[in-house]
Every structure is written in structure tokens, then in C-alpha cells.
Amino acid sequence: MSDLQSQDYVRRSASTMTPPVARSHEDQVAKLIDVSRCIGCKACQSACMEWNDLRPEIGHFEGSYENPMDLGPSVWTLMKFAEYENEQGNLEWLIRKDGCMHCEDPGCLKACPAPGAIVQYANGIVDFISDKCIGCGYCVKGCPFDVPRISKKDHKSYKCTLCSDRVSVGLEPACVKACPTGAIMFGSKSDMTHWAGERIEDLKSRGFENAGLYDPKEVGGTHVMYVLHHADKPSLYSGLPDKPRISPVVEAWKGIIKPLAVAGIAFAAIAGFFHWITVGPNEITEEDEEEAARALRGEREPDPEEKS
Amino acid sequence: MTRPKYAITRYTTANRINHWINAGLFVLLLLSGLSMFHPMLFFLSGLFGGGQWARAAHPWFGVFFMLSWIGMIIQFWRVNLPAREDIAWSKAIVQVVTNDDEHVPPIGRNNSGQKAVFWAMTLLIPVLFLTGLLIWEVYFGEATSIGVQRVAVLIHSLAAIAAILVWVAHVYAAIWIRNSVRSMTQGYVTPGWAWHHHRKWFWDLASGQRDKTTPRKHP
Amino acid sequence: MALTRREFIKFTGLGLAASSMGMLGFGGSGVAQAAAVRPFKLTHATETRNTCTYCSVACGILIYSMGDRAKNALSNIIHIEGDPDHPVNRGTLCPKGSALLDIVHAPTRLKTPRYREPGGTEFKDVSWDFALDRIARLMKEDRDKHFIATNAAGTTVNRWTSTGMLAASASSSETAFLTWKVARSLGMVVFDNQARV
Amino acid sequence: MTNTWQDIRNANVVLVMGGNAAEAHPCGFKWVIEAKIENGAKLVVVDPRFTRTASVADYYAPIRPGTDIAFLSGVMRYLLEKDAIQHEYVRAYTNAGLIVKEGFDFQDGLFSGYNSETHSYDKSSWDYELDEQGFAKSDDSWQDPRCVINLLKRHVARYTPEMVSRITGTPQDKFLHICELFASTAAPDKAMTSLFALGWTQHTVGAQNIRAMAMIQLLLGNIGVAGGGMNALRGHSNIQGLTDVGLLSNQMPGYLTLPNDKETSFDEYMSTKLFKPLRPGQTSYWQNYRKFVVSLQKSLYGDAATQENNWAYDWLPKLDVPLYDIIRAFEMMNAGQMNGYICQGFNPLQAFPDRGKIRRGLSKLKFLVTMDPLDTETSRFWQDFGPQNPAKPAEIQTEVFQLPTTCFAEENGSLVNSARWLQWHWKAAEAPGEAMSDIWIMSGIFHRLRELYRKEGGAFPDPILNVSWKYTDPVAPDPEELAKDMNGRALVDITDPATGVTTKAGTLLDAFAQLRDDGTTAAGCWIFTGSFTEKGNQMARRDATDPREQGIAPNWAWAWPANRRILYNRASANLEGKAWNPKKPVIEWNGTRWVGIDVPDYGPTVKPSDGVGPFIMNAEGMGRLFARNLMAEGPFPEHYEPMESPVENVLHPKVNANPVARVFADDRSAFGNAKDFPYVATTYRLTEHFHFWTKHALINAILQPEEFVEIGEVLAKEKGIEQGGWVKVSSKRGEVVCKAYVTKRIKPLIVDGKPAHVIGVPLHWGFTGQARKGYGANTLTPSVGDANTQTPEFKAFLVNVEKTSAPVAA
């Protein structure tokens, strides 16, 4: 077993404990997807399915090379194809490998209510621990990239693990290894950022002035990064978010409301308790019973303001 | 259980069954819902056999709760209609909470606090139900966009907190006003209780205007 | 056991508390310690070097099979990935190579020789002996009948044109050589491979 | 491939034309990406469709299918006109200066010697002017109007940029930009590589397509150098091996040709093979032909092949026609001239042109044997699968055997990759069920036949009874034994006269130079000699060391011939023996011998000053800009329209299509015209699938589940075809009903002033396996082949397309 000790976690969903920080020197990893080298061959998809023992249903042809049609509980990565005519009228076929971005500040983890169902390792990988997943779908709402998918079969959430099983024994993820053209690279985040810089320079020299790295700050950076020829317009690449961020609605829900609500409920209960010990119960007296009995016997008529 | 001779029926058997189904479901919803709301309370999911079960059961509790609440509306909407006396009673809220009942104006079957509980729940429960449907992953996960679901889950949790606060008030009031609990468990109050807390209602009964719960005229 | 109502409440209360404690993380280190990554599945698998069967880039592959080749373990292929030492593919594989496992275990892999009679509507499983005996007999009948030993000019041509063969372009060169020997010794000339299609 | 996969990284320009390397060979294509990144290379893609290769190209130009020769001839015209050729190389290493015979001519689309009745040429005029010693005359000053370079100039003069654009539909500016990029590699230290595949071969002028590009590469001095060459990216994992071992109707192992019936004796056969040098001092390596043939016969027949029986020459079958190719085979089947057919790992019902004709042909057989790991369509051709295979089993009298075989993971052996590397692989698991190896099955059939002939006699049993079969287990010879057979061994003690070294009888040979023509050596495939020596199995070597990271890895596996990785590598150095590109030398002369990272394709101690040409297999020692009589259509490539074409040949309307293409009468009647079938279709593979195999693999079936065709947006709009909607694509031969992929990647081309629409037809789906059922692209394709090789014209034919509704399930 390649159990990672709890000390290898830096974040753990729905946990009230502070993550251990003693092991602070682990290198962060990153996957760099160089879209300009990608030929859309789907080797990554194939290798992902093979390694992770995933086999979604055989679909249909739906008017694109994209297959399956969407990410799914058994589709952890997916090539997306966009035919784009640039300003010069030349065609560009923008092909992007979609999947979990492994955010530094993961929205899924923030939204998850099940303790330990989503964890972030010290190396940056965000992993779903199926055993603890309750299938609520909050991660779906938390994710700024529309990545997690809930299985209808076992009601658990699934996404790319960055092959945490391979990485934990010192191997690269399956998609990285397979990629025929080296469009997917893997290494330390700093090395990948440096390498991306070289690639961007090359792209600029080939006329892609807006080439750049996609490592969105809004989610604290990601451990899956893209080199884009048009980094000024990420949405050209089949809707890659231009400015991804955890939705403010989710931030509010998982931020301020959580403690306020618990405090509010607790306050109400405590207020009740103190009311009890200060004011005390409201009890009826013998006199009330007697008055009532008299009234029932017709010995007393109601005051005018006592009539309805 | 013995029922005093001159007891006044405040809640019929149907009222009480409905209420306690309601109450039970509310507690189940509260426990399962809170378990998914705050990590500190996740342990509550253990009551349902774990997180998966709590997650699966919660929406079904909600569906039955909605149905049950419709029953409550049918049975109680009329007695919770606002009346002029509610204003006076509300003005005397300080006297109410300090047990200074002498200075609280007489009221009918329900005071406006009770009415507020009823109408608050009647508003919140459908909101919870509808937003709950939107985020019911198993059946409606793909029915709406993620953006809609994000808003739905926010509204759902805000409404739930509001409902819980209303519920806390309701439960505490039932404990605070002694013998209220009995009225909902055994269905009756003593004439003195009715006299003390709901004098207008008492006189209505005494004058025979409310047939079903009319106490015997003469002991 | 007869429980009074009060005792009953006490018991259930305790039970609740205990289960809640469990959920809070006091229920043993296995739960408290956050869960593990998926165990690495190749740790003790047997590794065999091979070449991808598809195109002629001829990527080096590593075939992982269950079992350590002990007598009692029937090895079953569980995973195939690229050979990082191979100078051409350097560990990479294309979408076909990455899915080689599924061709090895394809449900439509053939497992027994089958035979379809003239006019028959289905295949029947047959023995190897039946199949090979019958094929040899059919070939000999045809060869004996249509073999062209000499042409009109009287030249020895040793030519058999009425039975042909297509050779497998994913089989090994060794298979190819043996196939060539067999086909040509029979005088077969309608003989081709997949070089063109 | 003349070079290796990794050598592509040394290129300065990479041309992908007549292929789709990224899609069909992704892992080899990585070296194109490496060239771009590490060498600043420019990738140029010319293709009718904007392919996955085009998606990472620096420059893309569209072209009408079947007009590559016009494009490439235009390039040659440009290079010659702008003088953008590598002079020193062309002058010394090509036949540019050799003088062509009087009588050679080209008029109105035809070369001299055409016979319009037989549709063939008398090629006697297609040769050099010879002097008294039988050597070709030359004019090194290139002044003689009949020297090759001047004839070439005259020949390509018609291919002006305007004409190229008019024929191909490629916009002129794009064409000229590509010409410039090509021209940049005429510099001695710059190289261009050409990566191509079936996009060039599957035409009636396929071989000439490749020739045209090879001529460009010679003009630019790009053959033999690092990062250059003509790189045919081969298809199947061992298609190179099967070609090397001669599993073609007219071949013997090692590219020795099978005799024809005019070669009535061994000596007569040999007389046409021993090429005398055409220039003084040349090597003309084929002079050793006899050694290879005799060693092959000794390997096949052992002691039964003797000097007295002419090394069993009579036991070899003799051809009466140039080829018994697949198109002829199915023609014969349909004519009732064939009774039996064995498909070993081959699925002709999916793979061969005109599916209807294939099905009818198979139905006329007496027996069909399939040997395959998978349940192929061919083995079930007789079964009714609805519209995808409408068959009436009761009417089909063919006996069918479906024999289960092992696959790659279940056997040992070697495969030859596209770069001619022989790589050994090892068995990882047992075969499922009763599946057996092809070796076991072929041996089983052979032993039974031999037994029957021994017992019963029959037609000419001699070769069957005398085949040498000395294997430890005759029922299932060990692949290593077969590999040693091909490598060859000494049959008696032989002594090398030059070195005096004696090789003991029975010893495995190290090199084909040791082969003898006196029956003292045996080698089943001379080009493989050296692959399995006394030092062990060279094909199993795994030292990946790559000196200077130049993409050679000389100690990884073993490459034929003689472990040489770059063919014609002598041409990588100049006349003095120094590398044209000093940064990337392959071999250089060190004063006493040729040294470098590769095995010299040259005499290792032949001095540069000896003037021996680098192309040692050619009789003149030179690369040929003029092909002499080796091509069916002529010594220079000429643009001929595909058999089915939407336009007339604007160069010579009277000679529209390839004048020497072999067309059977019933196939000619199955050609459609542009009136009924107005659109050009082309077939191809997608990267998610490998032909008709991977539809059996679940993952690949998931990745590309269903048959479709690609249609440009303009045509789709014209025809009311919706994205993902159903269409019917029909040719004169059949129809396919499938989904439409409406795409920006195919644009109408302006050809001769009119728009020409192209329809793309991927070919992977059939009626067995896991993917959804499909009709198969070959339902549409015409049954006509390249005039030299009979490779079917899958890449350019005519279809019509209409909107339709989903087919009703049968």
C-alpha cells in the first residue's frame, strides 16, 4: 500500500482540524499542456481510460471529433476541438485537453461537506477519496471549470486524480507518459513554468504574439497549466474560462454564512435557556382555572375587549 | 393517560398526527441537512448510516415534509389568518416575553407569534422544497445549469437557517408556555389555560361558537 | 432483556453518542487517518518487452501481466504502456497503442477454430485436426486439378493460380518467411500482403 | 524510410504531403515537433483537408486530390528557374549531366514508344546514349540539350504557378510560398525531409508522385543527409518486413524478383539481373545478385538445390503476368478462375476496392480460410448483416474456415519498422482458448499437404517434398530458428580471400558480403544477414545510446542492410568526403576510411577521389532524375488525372488519365462521371483507429464510435446537410449512409475556374467488433491501381452526396 500519511495533506474537505504543516518542503508538481504541440490524437484519453480502468459507454458520432461528448464519471479527460478562423482568415484547429485543473485553491474542496472526501496533497494534487464521498454534488457547484461528475451508479463524484497512484511511486501520470508529441509535460511546478516560458518565446517567434501561460491567479494558480497561442482569449479553446474563480455565491455559502448560521442557531438556543432561567416558564394558576370554571358556569360575562 | 373532565380540545387527533409527522420530518431534515452544512456537524450523518445515506434520505424527507406541510396548511390556514387583535398583541411583546400577562391584550385561538411561525414556515418550506429539487443531484443534477444550482443551494441554506430559527422559537415557546406540549400530545388544554392564554378563544368556546371544541357548559 | 423506558433512552443515547464519536474521528486510526491514494497496481506484475502491433513506427511497449510466472499462476495481461528506453517512442504511445490491452482482451477475439458449410447460416466450432485436414484436402484437390506445370511454350512454370493467399502484415518476419516457404513451394503466385492498402 | 524516425529532428523543413503523419503515426510525428522546437524547423502540410497534422503546421495549403504531380512539377520548375538547387550535389551525385538517347520524346501527354492498343510503352528509347564501352555519355557542363537536366527543364516548363493553381486548386500565393520554403533547403547545410504514406501511393500515378518528390530532394541535395530523405511512413507493424521477405506475387526475399515464364533457365533469369556499371568505376551492387539467389535456394531446398539442377530454379513458380496483385486476384475470382483463398491476418472485404465486387468474388470461391486473432468481416462475408452486408447465405457455396491465431503479446519474433529496424519482441501471455500461432497453422497445413503428396502423389510434388524443414519441432518451428535461417550460415568452411578469415561450416554469417554463389552459403533473406549472428540475436539489442543525439542509436536492435540507419549516407558528405552540414555529419572520410555515427552505405575504404557514386545500388552510381525504363509511365513524372475526375486534363485532354493503367473491362464500366458524381472523395484513417482492428477494442470504439464523412460548410449548406445529420454518399459502385461532419477544414477549391468540392471518407467501420456498424469506405472506391504497383486508387474518386434520414434497422 502506498498510503500517504495525513501529514502529506495540506487541505482536507469539511475538516475542522488544522492540516499538519511540518512537511513543508515537498516540491509542488504540475502538468503543462502545450496546446500548440497538441495534435488532438486522444492518446491521453486512451491512456487515462486504460490506466484508471475506465470504460464509458460507446456513444454516437455527434458532429465533432469529440468523443465521448462530455466529461463523466468514467471520462476524466477529454479532447475538445474548436475550428477557429483567425483575423487573417486562416483556419486554426484549437484542440484542448480538458479535465481537472488541480487548483491551488480548489473550489470543489471548499464546497465539499464530507470530511476528507476531497484532499489536496502537499504536491498540489487535488484528489477525490471515493470512500468518503457522499454524492451531494457540491463539488460540481464549487468547481470553476465544470469538471467533477457524479456517477448515477454509485453516487460518487469523479475526476482526474493526476494519477496520484503513479505520482506517489515516482511516475508521471498516464496521459503525460502517453502523449506522442510531448504536448503534455509533467514535473515540478517551477520547471513547468520555466519550460512554458521557452515555449511561449518560440510561439511568439512564429507569429503568435499573444501566446502565454494559463495559470489563473484567481484560483491561486493551477497544477495543470496550458500554453496557449491566444492566451488573451482562453475562451476560444472550447470555453476555457477567461477569468476562472470560485463563484461568489459559493464563497458566500461556504464562507460567511456557515459560521453565522451556526452562531445564530446557537444564539437562539442560548437565548431560550437564559429566558428560562431569568423569566421562567409561563404557568397558569389555580385562579385561572377558577375564573374559567366560573365563566363556563355562566357566572361571568366577557369584557368587551375579550370578545372576538 | 387520563383526560380531565373539563378539558378543552385544542388539537384534534388529525391535527396532532400531522403535526408530529411534521415535527419528526423536520428534525430528520434538520439533522441530515446540518450534517451536510457544516463540517462540525457532519457527525450527525452517522444517525442516518453515514454521509451517503444522509445525502440520499434528506431530499426524500423533504418531499414528505412538503406533503405533510400541505396538510398543515389545510388544517390551520384559517386559524392563522391575521386579525386586528394581532397588532395590539405584537405591541405588547415585551410584556409577553416577561410573562407579564396581565398587560397582554386578550387574543383568540392563536396569537400573532404563533401565526408568524405558521406563515414563516408556509413561506420557507416551499422555498426549501423547490430549491432542494434543483440541487437534488440524483434526479435533477442535469436539469439546470450549475449557476442556477449555485444560487439554489445558497437560498436553500439561508431558508433552512431561517426555518431552524423559527423552529427554535417554536419549540422554546412550547416549553416556556407550560402545558402547550400537552395540547399537542394529548390534544387538550384546561379551561384555565385557555382562559389565561387565549381568552377570546375561550369566550368563543364558552358561547358555543366553535362547536367541535366546545367544552361542556356545566360541570 | 427487559428494559425500562428510562434505560432504553440511556442505551440509545449512548449508542448515538458512540456512533457520533466514531464519525468525529475517534473510531480508530484507519478512519482518522485520511484515506489513501489508489495502490499502485504494477508493483509485482511481470514486465515483458514487446513491440506495438499497429503501425510501423514500431513503438516499444512494456506488457504487464499478473503473476510472477510461477507454475501455478496463469499470467494474464493487465496493463500495457510505452517503453521509455525505446529510442523512437521514448515511452509515448498513441491512442491505439495506449489501448492495446483492449485488443488483447477484445470480446471478439477468436478462441476456437470454426467452420461454415456450403450454404450454411452459421459457424460451427470444430477441432484443429478437422480444420487443417479439410483445408489440406481442399488445397490438394485444387492444386492437382489446376496446377500449371508447363506453359504453352513448354517451359516449366510450376504455377498454381487458382488458390491464393494474403499474408499478415502484423505477423513476425519469421512467420512471413515460413509462410513464403510454404506458399512458394506449392507454386502459389496469387500471393500478396497489405503493403498497398 | 531512407532515414530514421528520430532523424526527422535534424530537418529544417518538414514536408507532409501525401500523408497525415500526426494522425497515422503520432509517435513518429513527435520528431517533427522536436525538429520544430529544437531545430527551428518549419512544418509544411499540403493536403485536401486541414488535418491534425495541419493543426500544428507552420504553413498549410490545400490541394485537389490526385494532382500532386502537377504541384511537385511546378516546384521543380520553380527550383530550376530560380536556380535554387544544390549545384555541387546535383552535378556529382545525380544523372543530371548524362545524355539521353535520340528518340526519347514527350508529346501531348505521351512519351515516345506508346502503343495505344496494349496501353503500354516500348521503353527502348528511355535510356542514355552509350559510348563504345557501354558507359553512359555525359556532359558535365550541362550544355547538351539532351542531357537529363535540360530535358527535365523542358518537361516541367509547362507547370507555371498559374497552371499549377489551375490544376490543383492550390492558391498561387500559397504554392509560391511553399516553393520558397523548399528552396531554402538547397543550401548545403540545410535539409528538408519528406514524410508521405498512402496519400501518395493510392493513386493510379502513385509511384510517380513519390518519384517527383524524390527528384526534388535530389535537386535540393537532401538525400543521404541528416534530416533529409524520402520517408515512406509505412502502415502495418511489419509491412516493411513482409515486403523485405518478399510476400508479394512477384518477389522473393530481399527484393529478388520471382522469375517470369520468359526466363526459361536460371542463366537467362540471371542475365537480366546482373547490372553492369553504366559509368566507369561504379559499384553497381546488384552484380552480387547471383550470390543472393543461390543462397536463398540453398536455404529453401538445402542439399536438394545443386549446381546440377540449377539451384532448383525449376521449382520456383514463374509468372505469366507482371503481378498477381489483389485487384487481379478478385478479377479472377469474379471470373470463376479461383477456388481457394487464404487470408492470414487480412480483411479484404474491408480493405480492397469496390466492396461489392469483393463480396461477389468471395461468394464464388470453393473455400476461404481466414487466420486472424479477431472476428473479421471477411470471415463472415456470407452472413446477412442488413444493409452493411446484405448476403444470402443459402446461395453461397463457399466453405469457410475461421482459424484463431495468437496476437503480438502471445508470441516471440521480430518486426521490421518503417526505418528498417528489425526489433525482437517477447511473449507475455498464453493465447486465449485454442488460438495458435500462424507458424503452427502454416506448418500444420504444410505437413498435411506434404503427407498427402507423399502418400498419394499429385501435381508436381518435388518442391513440396524437398523443402528444407530442419527445425527442432517441425510442427511449430521456433522463431529463433527461422530468424537464423533468414540470417544465413556457412554450409562448409569458407575462407574470405581478402582477409583469410575462415568461417566454419554451420556458423551464422555476419554480413551478406560473405554470401557465395557456389552453394557454400545459405541465407533466406540476404538483406537480413547480420541480424542473428554467432554473437547472438542482434535484433534484441537494447542499447539506446545515440551519439550527438542525432537520431541514429546504432546499437538499438538491428537495421537492414548491414545495420545501416541512413540509406545513401555517402551523399551526406561532399566530393572531398566532408559533411555538407558540418554540424550534423553522418559519415566522413578520415583519410583512410569512412567513419561516423552510421555504417557507410559505401565501400568503407573507397577513397573520395575514386569517383565512385554514392548510389551504389544504381548502375550509374547516381541518383536518377531520369528514371530510364524503370517506371511504367515514363522517365519523368507527368500529371494525369485520376481515373474518376471532375475535370479534364488541361495539359493534354486526349490523354486524360494514366495511359498505362491496367483497367479490367468490368471495372471500367463501374467508373462514374462528373455529371452523376460531381464531388471528389478521398479515403483515410483517423488517429483513434487502426484500420479495421481497433473497432474491436473497447477504448477505441469509445473514442470514435460511428461512421461519418467530412463535408465542407459550403457544400453542406448547398445540400441542406446539417451538422451530425444523416447523408447518403454514393459512387457508381455503391453507397454509404452515415453521419455528416460539417467542417471548416474542407474548403471548396477553384479548379480551372470552377469550385471543386472534396468529401472525406474515413474507413474504419464494418459490421463486426464493438464500434457501431458501418458500410465501409471501400463500398465506394474504384477497382483500379497504380500502373507500377497496382496500389488501388483510394485517394481520388467521384461521389455524390445527399441529405437523407437514418437507416432503418434491419
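Order of writing sets the chain letters: A, B, C and D. Residues in each chain are counted from 1.
Operating definition for what follows: a residue touches a chain if its C-beta (ideal position, glycine included) is under 8 Å from a C-beta of that chain, and two chains touch if they have at least 3 such contacts.
Per UniProt, the chains are A = Formate dehydrogenase iron-sulfur subunit; B = Formate dehydrogenase subunit gamma; C = Formate dehydrogenase major subunit.
If you're wondering where the values come from, they're calculated on a predicted model, not measured in any experiment.
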item: Between the pairs C-D and A-B, the one where more C-beta pairs touch; value: C-D
item: Chain with minimal offset from the mean of all protein Cα atoms; value: C
item: Centre distance in Å when subunit C and subunit D are each reduced to the mean of their C-alpha atoms; value: 28
item: Separation of subunit B from subunit D, taking each centre as the mean of its C-alpha atoms, in whole Å; value: 84
item: Separation of mean Cα positions, subunit B and subunit A [Å, integer]; value: 37
item: Centroid distance [mean C-alpha coordinates] between subunit D and subunit A, Å; value: 51
item: Multi-chain contact residues (two or more partners), subunit A; value: 41-43, 45-46, 49-50, 115, 132, 180, 182
item: Residues of subunit B engaged with two or more neighbouring chains; value: 42, 45, 50
item: Per-residue multi-chain contacts in subunit D, two or more chains; value: 26-27, 30, 687-688, 698-700, 703, 770
item: Subunit D residues within the subunit A interface of the complex; value: 22-23, 26-27, 29-30, 33-34, 36-37, 50, 52-56, 58, 60, 686-688, 698-708, 723-724, 738-745, 770-772
item: Subunit C residues within the subunit A interface of the complex; value: 25, 32-41, 43, 79-82, 84, 89, 91-99, 101-102
item: In the complex with subunit C, residue positions of subunit A that touch it; value: 1-6, 9, 12, 41-43, 45-47, 49-51, 115-116, 119, 127, 129, 131-132, 161, 164-166, 168-169, 174, 177-180, 182
item: Sites on subunit B touched by subunit A in the complex; value: 6, 35-42, 45, 50-52, 54-56, 83, 85, 97-99, 101, 105-106, 108, 135, 137-138, 141, 146-147, 149-151, 153-154, 157-158, 161, 164-165, 168-169, 172, 175-179, 190-197, 199-204, 206, 215-219
item: Residues of subunit A that touch subunit B when the two form their complex; value: 13-16, 113-115, 117, 132-138, 140-141, 146, 150, 152, 155, 247, 249-250, 252-253, 257-258, 261-262, 264-265, 268-269, 272, 275-276, 279-286, 288-293, 295-298, 302-303, 305-308
